[in-house]
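Each of the two complexes below includes chain A, the first together with chain B, the second together with chain C.
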Partner chain A sequence: MAKAPMHARRKNPILRTPLPTLPPHARSRVALGLTAAAARGALELQVCRDCRAVQYPPREVCRACLSSRLIWRPHNGEAELAAETVLHAAQDLYFRERLPWRIGIVRLDGDANMVVYVHDSVGSAPCRVRVEAALDRAGEAVLLAVPPDGNADLSADPKLREMTCDPRGRKILVTDGKTAVGQAVVRALATAGAEMIWAGEAEPWKKIAEAATLRDLPQVMMVPLDVTDSHSVHELAGEIGAKVDILVNTADCHRTLTIGAGGALNAAQLEMDINYFGLLRLAKEFAPFLKARAADGPASAVAWVNVLSIFALSNYPPHGTYSASKAAALSLSQALRADLYTAGVRLINLFPGPVDDDWDQLELPPKLSPGALAAALVVALQGSMEDVYPGEVAQDWLERHGDNAKALERELSEGSQ
Partner chain B sequence: MAPSGYADVVLAAPVTVPYVRYSIRGAHWFLGRALAQLLAAAKIPKDRIDGLAVASFTLAPDTAVGLTQHLGLTLRWLENVPMGGASAVVSIRRAARAVQNGDAEIVACIGGDTNHTDSFRRNTATFSQFSQDAVYPYGSGGPNTSFALLTSYYMRSYGARREDFGKLCVAQRNNALKNPLALFKKPLTLDQYLNARSIADPLRLFDCVMPCAGAEGFLVMRESTARDLGMPCARLLAAIERHNAFPDDPVQFRGGWAMDRDELFAQAALKPGDIDFVEVYDDYPVINVLQFEDLGFCGKGEGPAFIRTNSFEVGGTFPCNTSGGQLSVGQAGAAGGHLGVVEAIRQLTGQALGARVAKARYGLVSGFGMINYDRGICSGAVVLAAD
Partner chain C sequence: MKAAKKKRTKKAATKKVRKTAIQTANDHLRGWLQSLAASPRLRLVDLTQTLSPDFPPIVLPPEMGQCRPFRMEAISRYDESGPAWYWNNLSFGEHTGTHFDAPIHWISGRDLPNNSVDTLPLAHFIAPACVIDCSPQARADADFLLTIDHVQAWERRHGRIAAGSWLLMRTDWSKRSDPVAYQNLDETGQHTPGPDPDCVRFLVSERDVLGFGTETIGTDAGQAAHFKPPYPCHYYMHGAGKYGLQCLCNLDLLPPTGALVVAAPLKIREGSGGPLRVFALVPAPHRG
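This part shows the complex of A and B:
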C-alpha cells in the first residue's frame, strides 16, 4: 500500500494557504444515531425491536412493520458492492477541491441499501465488502466500504485519509512529555511516523531519567511549557503554533483526595489550574493556529487530543476533586470541539480508567499501562473516531453509564465507603 | 376493480415559457407567464380557470396556495404536485377526475422553475431527508451519482454499451435542432458524446440534463368545453401512476411502469405497437431504456437490442422525445415532466413547433421523478389520442 511520505514535502511559502472547506453538515436528528456510534469507532444501525428489520437510511418508523420501536445496534457491516461510480464533478466546494471520489451502493446482508465511499483497495463491483462508519471532516458519520477481511488502512486511500488524523508525517505538540503517560505518548507517536514532536516540560529542573532518554529520539524536541502560566503558553504558541498539526494535551494533575480530606481545596485548585484552565489556556493560544492550517495540504492541522479520565463521566469519590476537574475539562472540550470543527479539525477525547502510574497506586487491577493508553491514542488518530475509552475499566464504566447513569453513581459511591 | 376510464377528458393549449440557462426571475414569474400564455392560447379570461395544479421546486416558501394570491386567481380546485418529473402525469390524473366529476371545469396544469446560479446545489442539498442524510454527504454529486450507479448496474447486467445510450442522445439532439425552443442548437455526434468530459463514470457530459429556467403548461377539461371554446385538443385514453415500486431491488433496474403497464394499455384499448410516438422522461438516457422495457415496447434486458434495431428521430422507426427531450431542450426543474405532455399535445393537434410525426394518432408520455434516496420513487404514464 502506498503510504504518505514520512516527510511531507514542504509547501511553497509564496503560495496562499487554502482556507478550510467542509463536507455538508446537515443531518436529521435521527441520523445522528449513526454519528453517535461512529464517534466511538463503531457501526450501529437501527433495528426494529418488533420485527428485527434493519433500517437504512435512519428513520422514525420501521419500513417493514411501522413499529416506532427502532433501536441502534452494532452491525457487522457485511455487504455486497452492487454498483460503483467515480465522481468527477461535484457541487459542494469541499468535494470539488478533492475530486475524484469513488462512490458505490452496497446491499447490506439484511436487506438495506447504502450509498458509501469505496476504499481504493476494494475490487470492482460486484464483490463482497465490509461497511464501516467513519467521521468526515465536519465530524458527521459517513459509511465506507472496505475489503471484507482484515483491518482497512484508511490512510492508504488518498481520499479516505481525510477521515483520519494520521500522525505519519505530521508535527505534534505533546503538552507534557515527562509524565509516564506523556513519555509513552511521545514514543508511540514517533513510532507511528510523526515528523516532529515537541514534548513540553513544565519543570525543566526536575530530572526524570526515563524522560531524559526522549531526547535521543531524532524527532523529539523538549520545549518549556507550563500550562498554568498564560505567558508560557503564549510564548510557545508564538514560536511553534503555526507549525503544529496535532496537539496532544497530556498535561495532568492528579491528587487522590476525597473532598473532606485536609488540603483538598489546594489540591482541587491545582487540579483545576492544570486540567481545566490549562486546557483553556492552550485552546486560546493554539486553536486559532490549528484552524487556520486545517486545509494546508497533506500534512494539514488535523486534531486536538485530550487525555481525560473515565472519572469525567461520573464522579469517583476517592478521587473526588480530580473527577470534578476532568468533568470540567470534558465540558470545556465540547466547546472547543464545536469551535475546531468549524474548520474541520477533530477533537479526540480519551477516557482511560485507572492508569498504572503513581497516582492510581491504590486502584485495583486491571489498570491501563501508559503504553496501552498511548497505543489507543495512536489508533484513534489513525482511524476515525472522537471518543476513546481504552481498557477494560473504561469500557465497563461506559457500559454502566450508558445503561443507567444513576446506578453507576451509586456503585461508585459504594466503592468509596 | 378496474378504474373507470377517462372518456370525455381532453388536454389542450400546450404552452412553453422559453427556457433560459439562468434567470434572475423567481419561479412565480415563469409560472405566471405560463398561465398568461394558457389564457392567450385558449382565448379565455382568467376567471374561466377554476382549477390549478402546480409543480415547482423553486416556489418556496410558497406552494400552489401562495400562487393563487400572487396571480389573483379565485379557484374551487387546487393541487400542489411535488413529484418532480412525474408531476405532469399525476396532475393529469387528478385534473381528469375533477373535470369528470364537475369539481372543476377548466384546470390549468403548470410546471416550472427558475434557475439561479446556485439553485441546483441548494435543491440537491436539501432535496429530501434521506438524500440530505445519506447521499449528499457522499460527494454532493446529486442525481449524477444516483444515475451513474443505475447506469453502471444496468450496463453490467444487460450488456448495454455507451454507444447505445449515445444513439438515443444523438437522435434527441437531431429532433431538437428543429425545435426553435430547444436550448441546444448544435448537432451532437456520437464521437462528441463518447469523448465528452467525465461526470460520474460511466456518465459523461451529454448523459446529463442541463438544469435551466422555464415553464410548461396545458389545460385539462371536458371535450364539450373544448368544443365550446373551439380549441384543438388531444383525448386522454389512459393514465397510471405508482410510487415506491419494487423497493427490494438492490439497484433500480425497473420502475413502477412495469407494475401498471397492462392496465395502461387495457384502459387505452391499445397495444404498445399501436403507439405512434413516445415522450419518455429523459434526465439520463438509462431511464429512457427502463421506460422502453417497463412500458412493454421490449422485454426486460432487451433495451440494448431495441436501441440497435430502431431509430428514434421524428421520422424513425420509434419516434422518441420528438421535441428533443430534456437532454437537448433543457430541464426546467419540475417542468421536465410537462415537456413531454406539451409536446405530445402539439403533435396530436398538429401544432408541433419542430418536426411533425406523420399521421400521429396515439402518443404515450411517461414521467419519472424524485430520487428520494437511491432510486426514483414516482412513475406514471398517459396515453393520448388525436381528436
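This part shows the complex of A and C:
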C-alpha cells in the first residue's frame, strides 16, 4: 500500500480544475448523534437503557424492546466483516467520480449490522475488523472497517484518504509562526511531510530568536502577515492564496486581564482584533481560494484549522477578555465551517486548556506544551475529526460542560479551574 | 483703598505679562514671515512620512498598553457599499507615524495650562527650525547622543539658537526604509540616536526652544529608559511646556537655519499629540 506521494504531480494547466462534489449528506436529527461523536474522533452508538441492546442505524425507539430510552455511548467497534463487495456503478456524482469503492457488511459484537466502507488493508470477509467513525467530505459521520489491531492509517487507502486532511505533500499556511505554539506547529507539520509551509510573520522588528531558526527548515518560508491589517491579509492571499491546501490559524493574542482591570478595554480590543477580526479577515480572503481548489487532485485544498481555547466554551474570569474573544472566534468558525463544507473543505477547531507559555505562566499544571498541542493538531489532520480537545484540562472542561454548563460557569466564577 | 489699588496693580501686571507672551509669539511670527517674504524664491519641503499599516509604532513590553498602529478599512470603493464614492475608516494611536507630542503627553507637563493639542497657541504651529546635522555620528553609532558641546559647536558656525525655534536633530534615520532597521531593536531594547539629559536641560532653560524634533520613533534616544531621568527629552521638554516632533523625514533638505516649519496637530479634545502633516518653507539661496 503506497503512501501518497510527497510531491503531488504537477497539474496540467490546460485542463479545467474539477469542481468539488459531496457525498450524500442528508441526516435525520437522531442520526446526527453519530456525527457529534465522529466530530471528536469517537465512535458512539445508541444503547437501550432498558434492554441494553445496541442500535444501528440511529433510531427513536429500541429495535428490541421498543423503549424510547436510547442513549449515546462510546463503542469499541469490535466486529466481524461478514460480507463485502466492490461498487462499480453509482448514480451519485461523488461516488461516480471515485469508483470502484469497496464496501461491506459488518456485525458488531453488540449484534447490530451495518454497511461500512472497507479499508484496503482489511483481508477478505469473513474476518475480524474494528469499526471506526469518520467524517466524510460533507462533514457527516461514515463508518469504516479497519484492521482490528493498531492504528489504521486512513491515508494509506486512496479512497479513505478523502476522510482525512493529511498534511503529507500539502502546502500549508501557518498564520503566525513566531509564537511558541506557531513554531511548534510549523515544525510538526514539516515532520508530518508537508511539502511547503508558509509561516506568517507580523511585526518583523520584534525578533524571536527561536522563530528565526524556522528558516533553516527547507520547506519553510517566512511571509509577512499581520491579521490585524486587512491590507496585509489581502496581499498575502493574492500572492499565495491559490496554492494553500491547509490554513492553520495560530495567530493569537492572550492578555490575562479581568474585565475591570486598568487597560482592559485596549487589551480586549487587541485580543478581538487578532482572535476574532483576524479570523474574519483570513476567512474573507482565503476561504474562496480553498473552496475553489477543493477537488484539485490528490493535494487539493482540504482544511482550515483554528487554535481556539477551552475558555471559548465557558468564560474563565481571570482571563475574561481572552475567553470572550475566543468565544467570538468559535461562533465565527461555525459560520466559516458551514461555508467551507459546501465545497468539502473541513474546519477543525482545537480547544486546548492552559498552554505552557508566557501568558498562562500563573496557571497551575497540568499545562499543555506547545509541542503536544502541535502533535494533536497533526493527528487531527491525519485522522478524521473537527473538534479537538487536547490534554487533561480540556477533556475535563469538555466533560463538565457537557454534563452541566451552568455548574461549570459557577465553578469558574470562583476563579478556579 | 491701598489694598484695592495693590490688587489692581497686580492684576494689571499679570495681564501685561500674558499679553506680552502672546505678543512675543505673534511678533516672532510676523518677523519670520517678513524675512521669508523678502526671499526671492521659496521651496516647500515635506517633512512627513506616509501613514501606512507598515509604518512601525513604538514598541513597549506586551503587558503594557499599546499604541495602535495605523489601520485602514474601506467604507466603500465605488461599490455596493457606496456606489460612486471611495472612503476609509482609520484607526491609530495619537503617537503614530510622523506625529506631534504635546506637554500633557508626559507626567511632568500634566498640570501646565493649555497643554493639550486642542488648547495650544496657534502661533506655535509656525516656527523657525534650527537643524543640527548628526547624520555622520548616527551612521557610526546608532546610540549616538547629542550633547551641549555639539550644540555649541553648531552655534559657533550658525549663530545662537533663537528662542521659540524648533531644534531638529538630523540623523538620516528616516532613510532606513526597512522597518526592522528603522526600529533597530535587539534583546537590550532599541538603539536609535537622541539627546543626552544635559543637552535637553540646556535647550530648555538656556535656549528656550519651542520643541525638539527627530527622525526616529520618539524624541528620546532608544536607550533613554535607562537615562537619569528616564526619557529626559520627554521629561524636561514637556515639563517646560515644550513640544516634540518625531518620525520626521527630509531633514537633509533643510538649511541649518532659515526654514520655517509648519506643524499643526489635529484639534483633539485633551489630545496628547497626533499625526500631522509637517512641512517647511525654505528660502532659496540667491543666485550669484
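Here is the rule we use: the second predicted complex is superposed on the first by the 414 of 417 C-alpha atoms of A that agree within 3 Å, B and C clash if a C-alpha of one lies under 4 Å from a C-alpha of the other, contacts with A are read in each partner's own complex, and residues count from 1 in each chain.
Just so we're on the same page, contacts are C-beta pairs under 8 Å (C-beta built on N, C-alpha and C of every residue); 3 or more make two chains touch, one makes a residue touch a chain.
It should be emphasised that the depicted structure is a prediction, and the values quoted were computed from it without experimental measurement.
With chain A as the common reference, chain B sits beside chain C without any clash.
Of the two partner chains, chain C is the only one that A:266 touches; chain B does not reach it.
In the superposition on chain A, contact is made by A:105 with chain B only, not with chain C.
Once the two complexes are overlaid on the shared chain, A:234 sits clear of chain B and of chain C alike.
When the shared chain is aligned, chain B comes close enough to touch A:86, but chain C does not. Taking chain A as the reference chain, the count of touched residues is higher for B when chain B and chain C are set side by side.
In the superposition on chain A, A:207 makes contact with chain C only, while chain B stays out of contact range. Taking every C-alpha atom of chain B against every C-alpha atom of chain C, the smallest gap after superposition is 40 Å. Counting contacts by the rule stated earlier, no residue of chain A appears in both its interface with chain B and its interface with chain C. Residues of chain B that touch chain A in their complex: 120-121, 124-126, 129-130, 132-142, 144-145, 148-150, 152-153, 156, 197-203, 247-248, 250-251, 373-374. Against chain C, the residues of chain A that register as touching in their complex are 203-207, 226, 228-232, 255, 263, 266-267, 269-270. Residue ranges on chain C touching chain A, taken from their complex, read 53, 56, 59, 63-66, 68-69, 71-73, 179-180, 182-183, 185-186. Listed in rising order, the residues of chain A touching chain B in the complex are 23-24, 26-28, 31, 56-58, 63, 80, 82-92, 94-95, 101, 103-105, 107, 111, 113-117, 125-126, 136, 140, 142.
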